[in-house]
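You will see chain A twice below: alongside chain B first, and alongside chain C after that.
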Partner chain A sequence: MGGYLGFMWTYVKLNLSSAMEYRAAFVSQVVGMALNDAIMIVFWWLFFLRFPEVGGWQLADILRLWGVLAVAFGLATAVFGNCSRLPALIASGQLDYYLALPKDALLHVLVSRMSVSAWGDVTFGVVAFVAAGDLGVATMALFLVLSLTGCAIFTAYHVLVGSLAFWMGNAEAVGTQASGALVNFSTYPGSIFRGWVKILTFTLIPAALVGHVPVALTRRFDPLVFLGVVAFAVGIAALAVAVFRLGLRRYESGNRVTLRA
Partner chain B sequence: MNLGSRVRKYGEVVLVTAQNGLAYPVDTFARSGFMVVVIFVFVQLWTVTFELSGQQSIAGFDLPRMIWYLVLTETIVMSCPRLFSRIDQEVKEGDLAYALGRPYNYALFHYASYLGNALLALPLNFAVGAALAFALAGPPPLPAVAWPAVASAAFLAITLNFAVELAIGLLAFWFEDTYAFIWIYQKVVFTLGGLFLPLDLFPGALRRLAEVLPFSSIAYGPARLVAGFDTALWATTVATQLFWLAALVGLVALLYRRGVRRVNINGG
Partner chain C sequence: MRAVDVRDLRKVFQAKRKRPGLAGSLRALWRPDYTAVTAVDGISFRLERGEAVGFVGPNGAGKSTTIKMLTGILHPTSGESHVLGLVPWRDRSRLAYRIASVFGQRSQLWYHLPPADSFNLLARIYELDQRAYRERLHRLVELFQIDRYLHIPVRRLSLGERMRCEIAGALLHRPEVIFLDEPTIGLDVVARQQIRALLRALNQEEGVTLLLTSHDAGDIEQVCRRVIVINHGSLVFDDTVAALKRAFLRRKVIDLKLAEATTPTMPAIPGVTAVAAEPFRLRLEVDADAQPIEQVIARLVAHCPVVDLTVEEPPLEEVIAAIYAATGREGEGARG
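Entry: the complex of A and B
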């Protein structure tokens, strides 16, 4: 486990120092993304000016929701930056490089790219959560843990959807739609989803476990629900690894000669 | 070259680009599929909001009008191809230098190519969004004869977006990275442009500010026509769009002229 964490940390440092080569671009992307997220809060501010509450959700809950989601999504695309590119990498036979190396191929593929703007999401997420108020050591610790479980769910979900490329060939369109659906469902108050749609947000599109349930936990902690979220994150991560390995048996090399410097 | 030949030339670019889009039908249809997710989530949000507020109509919008409004705003925004990244890339990698020697106007060539993609996506996105809105909220609150007028405003909105994206792409002459500009522009259209929330629901001062900015001509202006059409409103909307289009064309021309002076061509 320690070896894997060290490996990931080395890649994060390398990717960051590589991004810092273009310092102005780095700063503009991080600041731009943080502003981009912040403008969405303006929409919700306008919305709640007109309708102070939607099924128990208020502006502070939206700030917490966007806080947890932005950190989770930001970490997923900053640390595991290739997660959304898996369908393209598989379809074009670009896994060869990772398969020939001793480290776990899936982890290596995921960490070998970083989305620079994702650090803007992480920065915004922390600011949004703090701005929601009602802070304490326990709440901040919970925020950190739930952001990490959210990151695991986001990444695993993308790996699962991306692995469809082993069977479908071109799964880019499906991957983009599935990713968009998860983000879309998770950025709205959980109270607007009812019946079968609510079930969907706990299963096929796990938006509730990434955003809605974490917000409920920061409002009122329930150890059983918390353990449920952690168990789901561990379970979906294990399932993603298993499905990727199963898919690898069907992988066909692209015979591409590439230079990685 | 006379006007007819020019129109034919750029018309060919529109056709070729549209044909390219049709060569990958799965991708084209899959993109329209995202409309389903977006409209579906909005329907959930507004259904619950209307239900909890206990009101039938809010600022002139009842639930069907709100849903059809969102179908229009989303159709327009989701049908706009991502032009700025192409311009940004051409400026940074120097491909623009090749375009300078070719027998076409750089901006018009890109406009034709942009239209080819947009005119393919527009009916598809609208059909998908309208089908869902029809199923969830009933028929649109608009007489059939008014649709061509709404379509003309939607077309101008897409053209306005082209001018903004071209201007942002051309900023690559001066800035190392233009992505931050486009993200912020997109989100300003989401909010002050009225993509998610009609300006009628904004507080007074903010509504007045949003109305005088160009962003509302891209989303709110054309979509508002669906919620309550009258000829005078349509004429005002189109006149405002044409005003902003003229201003943006002037800005793009200025940026292009200044930017091209910075292009250095060495060797062959």
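Entry: the complex of A and C
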């Protein structure tokens, strides 16, 4: 475990060093993404100036929602930056490099790229959560754990959808749509979803488990619900690893010229 | 224990077939038509430890597919293979600690960072002890003469400098077997010679087993003692480089630079034909079976005002074509 954490940390450092080779691009991507996220909060702030609440949610809840989501999504695409590119990597046979090395191929391919702008999401997420108030140690610890479970769910979800490329060949469009659906469903107050849509947000598109449920836990902690979120994160991560390994048997490689840029 | 033991290895890909145009695409959407493409068709060979073996064939012959199966990247359709006693696709991770692969067209160095950073990462990937890693790096830096490039971003290195760093990186964990796929592709003459010398030194001094694919006959001749030729996924030749030359390199070309502008009248030598005659230059083709090359050169020097003379061997492609002709196989294969 320690070896793998050290391995991941080495990649984080290397990816950051590589990105910092172009200082202006690095700073503009991080700041740009943080501002982009902040604009959404401005819209919600304007909304709440006219309407006091939506489905029992107030501005502080929206700030917590965006806080948890942005950190979870940011960590997923910063540390496991290749998760959204998995369909393209599989279809074009670019897993060869990782398969020829001793570390776990899935973990290796995921950590070998970093979305620099994702650090803007992480920065924004922390600021948004702090801005919501209630900075007790327990709340902040819960924020950290729920951000990590969210990160695991986001990453595993991308791996599951991306692994379809082993069977479909080209799964880029499906991956983009599925990723968009997860992010979009999770950025709205959970109370607005009813019926089969609500069921969908707890199953096929687990938006509730990365957004609405964590916010509910920070409002009123329920150990059973908390354990449910952790169990779901562990379960979907295990499923993603199993499906990826199953798919690897169908991997057909390729002959693209590649550089590690 | 052998370094590599391959028995009846086979790989079949399912390829979609489609008629041209939109109508063909619509038809394929409704009723896709798949065809089996045999990339590797039951090849068998063995490599002893410390051997340097050339693995050649035309594009699509199945070379890369075979190497990918031997490194565990691809699962075979059937057949057996052991590399250092391990089954590659089953023990891929364990095997990876003991082998290395260098692909001329795939870089493992980070493009925007200096090679030193990539080496540190590789040390982490292979879980090398820091002290052992430092010692090994020091040795490789000396051997490959890359101390000047260690801290320069890879994007600023020439292809030859980069390739030296690539190979040095692949050797950090002291692999026992190295698979090299076109390591000299795109390099100039000097850089090629440097890479060949390094591979020879590696094989002779460290006893590393090499399986080298290349389209350059010079790579095979200067690095390997044995050569395996495949085509259409089947093995068509497996013997020493010397045997390959004896069997198939009968034709040689002699290029003469002359002291006089007038082309001399050629003496009639059996098996020798003039293929080009210009002022100050004469190009002859020699059938070495009909006339030993040494005798041809002696008679030419005696008869013509020779300033310079070079003897060229036909490119490997021609040799391979001759092998196909001899074994009754021709044409392009299915997949590389």
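Assume the second predicted complex is superposed on the first by the 257 of 261 C-alpha atoms of A that agree within 3 Å, B and C clash if a C-alpha of one lies under 4 Å from a C-alpha of the other, contacts with A are read in each partner's own complex, and residues count from 1 in each chain.
Everything that follows uses one rule, which is that a residue touches a chain if its C-beta (ideal position, glycine included) is under 8 Å from a C-beta of that chain, and two chains touch if they have at least 3 such contacts.
Computed from a predicted structure; not experimentally measured.
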{"item": "Greater chain A contact set [chain C / chain B]", "value": "B"}
{"item": "First (chain B), second (chain C), both or neither touched by A:G180", "value": "first"}
{"item": "First (chain B), second (chain C), both or neither touched by A:I192", "value": "first"}
{"item": "Which superposed partner A:F51 touches (first chain B, second chain C, both, neither)", "value": "first"}
{"item": "Chain B versus chain C as contact partner of A:M40, first or second or both or neither", "value": "first"}
{"item": "Chain B versus chain C as contact partner of A:P102, first or second or both or neither", "value": "second"}
{"item": "Chain A positions touched by chain B in one structure and by chain C in the second", "value": "22"}
{"item": "Chain B residues touching chain A - in the complex, by the definition given at the top", "value": "26-27, 30-31, 33-34, 37-38, 41, 44-45, 47-49, 52-53, 58, 175-177, 179-181, 183-184, 186-188, 190-191, 196-197, 201-203, 206"}
{"item": "Chain C-touching residues of chain A, taken from the complex the two chains share", "value": "3, 6-7, 10-11, 14, 17-18, 21-22, 95-97, 99-104, 108, 249, 251-253, 255, 257-261"}
{"item": "Chain A residues touching chain B - in the complex, by the definition given at the top", "value": "22, 24-25, 28-29, 31-33, 35-36, 39-40, 42-43, 46-47, 49-51, 53-55, 117, 170, 172-174, 176-177, 180-181, 184-185, 188-189, 191-194, 197"}
{"item": "Partner chain A, residues of chain C touching it in the complex", "value": "13, 64-65, 68, 71-75, 92-94, 96-97, 101, 103, 105-113, 117-118, 120-121, 124-127, 153, 336"}
